[in-house]
Amino acid sequence: MIIGTVRGDIVSTIQHPFYNGRRMLVVEKENFEGKPSGYIIAIDGGVGAGVGDRVLIVDEGTGARQIIGDPKVPLRSIIVGVIDHIETGA
Amino acid sequence: MIIGTVRGDIVSTIQHPFYNGRRMLVVEKENFEGKPSGYIIAIDGGVGAGVGDRVLIVDEGTGARQIIGDPKVPLRSIIVGVIDHIETGA
Amino acid sequence: MIIGTVRGDIVSTIQHPFYNGRRMLVVEKENFEGKPSGYIIAIDGGVGAGVGDRVLIVDEGTGARQIIGDPKVPLRSIIVGVIDHIETGA
Amino acid sequence: MIIGTVRGDIVSTIQHPFYNGRRMLVVEKENFEGKPSGYIIAIDGGVGAGVGDRVLIVDEGTGARQIIGDPKVPLRSIIVGVIDHIETGA
Amino acid sequence: MIIGTVRGDIVSTIQHPFYNGRRMLVVEKENFEGKPSGYIIAIDGGVGAGVGDRVLIVDEGTGARQIIGDPKVPLRSIIVGVIDHIETGA
């Protein structure tokens, strides 16, 4: 799983019916030091993520479809949590 | 899922029968700042994408096959939407 | 499979129910020379990994779900071993 | 899917039985400008690709196994077409 | 599929039961010119690979599990062949 910060929404009028009414979020991934490292487009898996939230993403189709509850969905990346903070050290 | 811009069509006379009559599009991926970042070959998943369109791609075989409606297709990347714009900010 | 060192825990109050009560660990991956090379978020697959442990990770959804024993879990990365050392040379 | 050019054959006397009698091709991947960008080992999916051919590759296990017609094959990358040329421009 | 050279064994006393009694090999991947390019941890798929051997690896969970003969194994990378040499040129 990977971490990133929500930066925006994708607006798309022509698309596969599955995506109608679903928010497609642009998430900027971060590296170990918390710096930007590319992006990924993900759907909110029911956690209500908004712009600025630091989120946990599962980037794997089968797992993503389990959350949606439909095994026939064209999907790969889904937000499964909003991160409060990371605790480090022994 | 990832974002990119359609740049062209692949013309291939010798190929697996599944690809006969299907458009294989060359899509230039973009990074978070919208700059080019490699490419991917994808099939149009019924959204009518053309050269110059900014598109949303699902790069995962099972999801791609669901759109085609055939679980036996050798396929990984499919275009599922044409992007109008991206809304950012809180 | 990949190798890394556990650096911390993710604390997340809003998340998919599957993750309730499970430790999500931040693992810093390492390259062939043992130097840091990005990170991955993984769940402990029953080996009791803690901060500072060098671990073996399977980064593949189906395999990860087998360990959890639930085929419907949104999951991709799981820790399957704690590494003592690596033996090299012929 | 990705594009590359066939550069050679792998000769291997000790291998999994599935690979007996099959050609394993070394394919040099190319980036958007057509320049070399790493490599991949792929099996010919029935298109008769040879050294110097520019090919289309599906890098996904389930799709690759569909072409071989055997769901139990240890396989990930397969050549599904020989590319004539790429048409660009609007 | 990818190519690399076996560099060592991982010794791990705490691990998922599946890995008991199995050799986990550290394989240094190589790029198209044969130079080092990162590493991967793989299990020997019955070809008897040892340190110094140049090997062919399938990095895909379902294919790897087929070789082991157990669909419930947490596994992604497996060595399927020992490479003698690569033949290039038309």
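By letter and in written order, the chains are A, B, C, D and E; residue numbering begins at 1 in each of them.
Just so we're on the same page, a residue touches a chain if its C-beta (ideal position, glycine included) is under 8 Å from a C-beta of that chain, and two chains touch if they have at least 3 such contacts.
Computed from a predicted structure; not experimentally measured.
> Both subunit C and subunit E are touched by which chains?
none
> State which chains count as neighbours of subunit D and simultaneously of subunit E.
none
> Superposing the C-alpha atoms of subunit A on subunit E takes a rotation of how many degrees, nearest 5?
The rotation relating subunit A to subunit E comes to 145 degrees.
> How many angstrom lie between the centres of subunit A and subunit D, each centre taken as the mean Cα position?
Comparing mean C-alpha positions, subunit D is 32 Å from subunit A.
> How many angstrom lie between the CA centroids of subunit B and subunit D, rounded to a whole number?
19
> By residue number and range, which residues of subunit A touch two or more other chains?
Subunit A, residues with two or more chain partners: 61-62.
> List, in order, the chains that make up the ring, beginning at subunit A and going on to subunit C.
Start: subunit A; next: subunit C; complete ring order: A, C, E, D, B.
> Mind listing the subunit E positions that touch subunit C in their complex?
Spelled out, the residues of subunit E in touch with subunit C are 7-16, 18-19, 24, 26, 28, 36, 38-42, 50-52, 61-62, 65, 72-77.
> Would you tell me which residues of subunit A are touching subunit C in their complex?
Touch list, subunit A to subunit C: 1-3, 31-32, 37, 45-48, 56, 58-64, 66-67, 78, 80-90.
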